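Sharing a structure, written as structure tokens. Questions coming.
Labels A, B, C and D are assigned to the chains in the order they are written; within every chain, residues are numbered from 1.
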Amino acid sequence: MHESHHVVAPSYLDMTAQEITNDVLERHHSPGNQFWTVAMILGGLFVVGLVGLFMLVSDGFDNKSNWGYYAATFAYVFSLSQTAVLVSVALRMAKSHWRRPLARISEMFAIVGVYSFAMLVPLLWVLPSIEGRRSLWFEWPGNTPHIWDTMALGSLVICGLAILYFASLPDLVTDKEVSGKSDEDVSYHPLIPHWFGTPKHWQLQKIVLGLLGGFYFLMLIIVHMLISVDFAMALIPGWKDAIFPAFHAINGIQASIALIIVTMFILRSTSSLGKYLELEQFWALSKILLATCLLWFYFWWSSFFTYWYGRMPAEIGVLKYIMFETYSTVFLLAFTMCFVIPFLILVVNVVRKTIWGPTLAATVILIGTFFNQVRYYVAGFSVEDHTLHVLENLPDFTSPGPIDFMVIVGGISGAVLTYMLGTRLFPIISIWEIKEGLMLQRVRKFMKRDIRVLAKPE
Amino acid sequence: MATETINHKWGMVIDIDRCTGCQACVVACQAENNIPLNTEDRFRQRRAIEWIRVERYWEGEFPNIKARFIPILCQHCENAPCEPVCPVYATYHNNQGMNVQVYNRCVGTRYCANNCSYQVRFFNFWEPVWPESLKNQLNPDVTVRSRGIMEKCTFNIQRLRKAERVIEGQRGERITDENLKEGNFLPACVQACPTDTLIFGDWNDPSSKISSLKEKHFVDGGRGYKLLDDLGTQPNVIYLKKVDINAEHKVDAHA
Amino acid sequence: MARKSILGLFDNADSAADATDVLLEAGATQDDFDVLTGSPYPEGAFGEKDPVHHIYVFPIIGALMGLTMALVLTAGTQVAYPMVTGGKPILAFPAMTIICYEGTLLGAVLFTIIGIIFESRLPRLRLDPYDARINEGYIGLLVTTEEEKLDDMERALIRGSALEVVHERGRALRG
Amino acid sequence: MQERVRISDSQVNTDLTSSIFESSKLYWILVGFLALVVLCGFTAAGYMFNRGLGVTGLNRPVMWGFFITNFVFWIGISHAGVMLSAILRLVQAEWRRPATRAAEVLTVFSLMTAMTMPLIHAGRPWRVAYWVFPYDWARGIYPNVRSALVWDPSAVFTYLTSSILFVYIALIPDFAVLRDRTTGVPHIIYSILSLGWRGSVRQWKLQIIAGILLSAIILPIFVSVHSIVSWDFGTAMSVEAWHSTVFAPYFVIGAVHSGVSAVVTVMIILRWMFHWENYIRREHMDSLAKLLIVVATAWLFFFALEFFFGLYALEGPEVALRELQVFEAPWKWYFLTFLITSYLIPVPMWLIPSVRRNLWLMAFTTILVNVGMWFERFIIIVPGLMRKQAFVFTWGGYTPSIVEVTIITATFAMVSMLVLLFAKVVPLIPIGDAKEGMILHDEIKIGKVMVPAVMREE
């Protein structure tokens, strides 16, 4: 961040718009065998996961503690996929130029949202009624969270898909024209025939994306709050932690940025589209990643510290349960992998300004985040009596059994598979945004050096 | 010093069932501890200083209405919320289980008063004054607190120190309920209480009355309870419920 | 041998930038000239060479020293005067963390400031040729070289369309 | 960037140093008036020290009142400086340029004012010396590092020191300008202050690094300061309303909200007073307002968390407190005022572009925000203390005495006076920065239009 060096203009700046279009679309249509082999393997693992889920269901929904790891996996997939969409939304609002190549990569995760929604469904039967226990919903009917969480997550998913669709519409049209399809061929895309890329259309798209983006932002925060409180906080007696929803959201943002970095890295190393994702993108994202790591610590600290100082029995119970006794190992892992290690990696500018540095940190964070979800959701589901207001005698640690491992592996690979299949429907690189970028930046000669000039249209 | 050899842990048992609300303890406390007179305007300003106070609750509806009394003083908590927040150690926990206030350290941040769940800390908003007639009544063993200083119940530490000097230092006996009583070393409020509602003693002395009361009442169905127990402050003052014919206890509704 | 400095004044950045070429032709090296401007220009705009500095070492040293100080202070005072408050441990680490954090950052800031002043070679006591118009938009080329080469340099500056060449220190001009 | 005009460097100097070399009658009248108010404040404080805290409206249980509210408020304002100059520097926002100095100066002076508040609050400043400068070996007792009131001075001291140094470092080049424009004694003083600045390549390079590096270091301080202030309340477990884990981020974001608003107000006043139309332009207001929309909304989110999770556990005292805040006079009026003035009026107005570019409306809204934020602190602190505590029949409220009101008013006068006086000795818009902005400004021709652009050195 600090040391300045001479300008690095993205290499694709010296490609013409036409070249870029062809390049991306060509790759889009022929993913290569490697792609399908990976898809196969993931599919296999996904089936294993389904088997695991089936075994869970056959055990019945009454014994919550069985479902802890499933819940954790759901929370993991949900917060990663749904929050990843936010990255592109936020960056587009901030009009940052470097986002262009990675915008679609982030939006594509909206598709995984559908999958995470499917994962929610079984949990609705596991989640106990709120009668006689603390919950977000005070005196409402017992099954309130089941209904509202479903609706909230559902609308979030739909909104995400809408963003993905409208953001990639111009590219879909380009694709249709380049591959010379007729309107009938694309009849499954109702909007394509009506898009002519007139200034009016672009204006419209800008507005639609803006509105959807704003809505998505607010919705996402709310859903984070609902899921985290209904499925974790409310299940642990005496746990009243105002910052937890925000912490959950921050952890989601952190992890989803990490996820995008890793995706970018994979794309670079496995496909020719890597050339659009350059140091610039990694460097910029890694700065935000560093910030989120610090926020992770900050939010964790402010809840831990308040509890430590207050020392009420209820607070001590919670601290012991999810931090320092029952789930201490998991907590330590989460703490090291979500904060300590990535912080140490990213704080060094020399490392941050590489491809591998951020990628390494991102990988660590992705694993750490999973532990963090385990610490909350498994812990929550392992509590027997939710009507208590203080956690006197701590429940035992629920260690994952074979079924849990099947569910975790299957669940996650299912999500990845969904994403891969999504790339079949929409080009993974946003062509129109890169073209726009070409238009809005130049490399100029300034006295004795070259310098990059960025247009700031109001 | 005797205090090192024998380790006391002072405490009190308050038997609500015996309290008649006569306020003798309040008066005794005022006299013993050089507490400035709580004139009417002091009460109006809500700046009255009463180290021990008797709160009164009405119970029931008119014809059969009952008055309930509960004497409240510093609970000398083991985990006192007021202690850690003081920037200058003006209040801390001494080795005899007492929450002590060091007047000449106090700088008057009033943070401790905010953080006391029992509202038993009092601030000298004004310089204390006594009418000429009362000048000679002031207790020489107790500091007169000037304005800007926080004060609270001390369990009459001056008397306990004296007890240690006399009983342990000179006679070399162990302090017991008896010799505390005959030597007039009990806190003024306890001494003044006509119905033995307030019982003072040493938790570390198994033979003391308060220890036996704790034995007796801190069992299922016993009358013993602590104020605001869910805060985990672990008071050294414990209460015994009122024995009520129609067994409903407004008092422990608060606890 | 004695090195002396002269200052060529230019009324616009481009001619100053071109003048540096003339200087190089005239046998000056990049170390011999420095560009004085009234505002920061993008690096390398004058083809000047990038100055080396070790500013990033300073905050790290400062942070470490600050941390140690704070640690000693907090831990020391609690151990030296062990008084139990609110049933908290004598060495209450979470509470200490806060003051340690402040101490660390304070140290870092103080050392960064020292570092910046030191690395920008301030305060400047040796008096080079200077002209107040530099702050009014002129560009100054400060050439420092052996006395006998000075005349060539001066000629080079003139050739490089310098408005004038200052030898002695400039006077303040009325605002 | 419509109303941008090219200005020669020496014109820039003349304009931006006008506050120093020319002084209108109005200026001196204003300063004189403010000085008078400050004098009244000192008199009131002296009277209070002499008579004792009885002359305030404080009582039991409301032991903290106007002074602490005001302390928190000014600490909040002081967060403007770093928020703007640090964060905007780090993200290389061009429109930060005219705002930074004013913001930093505001930081310094509001911090100084804030520091006086606890001293006055304690009623006997000569004793408080023990606590702020505690290490007198004679007493052999050190401050209790477990107390939030010891963290406060350490944090504020750190913050004050670093922001003063930050301001000074950024001032060196401007001192050089003043040195070259003055004669006689001022010339000597400015020469000393400018440390013989020459504007050499190395000096400018480090000047720029200094900006970024110091920002990066001060940012964590800035977050910690208000967090620690919030823990004055958050750690007080006996006051249900205060003991909330979300307080730290809630206070910090609130501080940014009020701080940035204050900077906008100050900038508008400066623009009007010293005719800096060419430097403080409408587009800056526009960007600041957009920033404020985001900040305000984030703040509202944390406020919602704080309020909602207060009720979450449905504990008697907490619920009683919320009722007190929202339904009982006078608190309900304060509550309403605070919510309306700090969010419900300003934010919808900022959403309208024409409002964002209207100086009158911007001044109006930003002042409203700070009215609201003052009340926010007030209704957190005082009703929190008037809690319906068991075993206490003194549930009284709190009405400030004339003494308190006078002192509070004086603090506002003091900050404004100090800022104005400072404008007499240094330019409140960084001259070098303004010039750099003009060098880096550029335009790109897209089709038929010239789009404003900026050169960007990565």
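Throughout what follows, contacts are C-beta pairs under 8 Å (C-beta built on N, C-alpha and C of every residue); 3 or more make two chains touch, one makes a residue touch a chain.
Since we're looking at a predicted model, the values are computed, not measured.
Asker: Give the chain pair that accounts for the most C-beta pairs in contact.
Answerer: The largest set of C-beta contacts joins the chains C-D.
Asker: Using C-alpha centres only, name the chain that sits farthest from chain B.
Answerer: Using the mean of the C-alpha atoms as each chain's centre, the farthest one from chain B is C.
Asker: Which chain is in the middle, if each chain's centre is the mean of its C-alpha atoms?
Answerer: Here the chain at the core of the arrangement is D.
Asker: Counting only Cα atoms for the centres, state how far chain B is from chain D in Å.
Answerer: Result: the chain centres lie 45 Å from each other.
Asker: If you average the CA atoms of chain A and of chain D, how far apart do the two points sit, in angstrom?
Answerer: Centre-to-centre distance between chain A and chain D: 35 Å.
Asker: Using mean CA coordinates as chain centres, what's the gap between chain C and chain D in Å?
Answerer: 30
Asker: Multi-chain contacts only, two chains or more: what residues does chain A have there?
Answerer: Correct list: 2-4, 6, 305, 309, 311-312, 446, 451.
Asker: For chain C, give me the residues that contact two or more of the other chains.
Answerer: Within chain C, the residues that touch at least two other chains are 41-43, 46, 56, 81, 83, 85-88, 92, 95.
Asker: Can you list every residue of chain B that touches 2 or more other chains, as numbers and ranges?
Answerer: Counting only residues that touch two or more other chains, chain B contributes 79, 81, 84-86, 89, 231.
Asker: Have a look at which chains touch which and call the overall pattern line, ring, star, complete or other.
Answerer: It is complete, because no pair of chains fails to touch.
Asker: Help me check something: in the complex, which residues belonging to chain C touch chain B?
Answerer: That would be residues 81, 83-88, 92, 95 of chain C.
Asker: Taking the complex as given, what residues does chain D use to touch chain C?
Answerer: 8-10, 13-14, 17, 21, 140-146, 150-151, 154-155, 157-158, 161-162, 165, 169, 172, 176-183, 187, 195-210, 213-214, 217-218, 220-221, 224, 228, 431-432, 435-436, 439-440, 455, 457
Asker: Considering the complex alone, what residue numbers of chain B touch chain D?
Answerer: Residues in contact with chain D: 45-48, 55, 70, 72, 81, 84-89, 105, 107-111, 113-119, 122-127, 147-148, 227-228, 231, 254-255.
Asker: How about chain A: which of its residues touch chain D in the complex?
Answerer: Where chain A meets chain D, its residues are 1-8, 134, 136, 138, 221, 240-246, 280, 294, 298-299, 302-303, 305-307, 309-312, 389, 439-442, 444, 446, 451-458.
Asker: Please give the residue numbers of chain D that touch chain B in the complex, ascending.
Answerer: So the residues of chain D touching chain B come out as 52-54, 56, 58-61, 63-64, 118, 121-124, 127-128, 130-131, 134, 141, 143-144, 146-150, 232, 235-239, 385, 389-394, 396.
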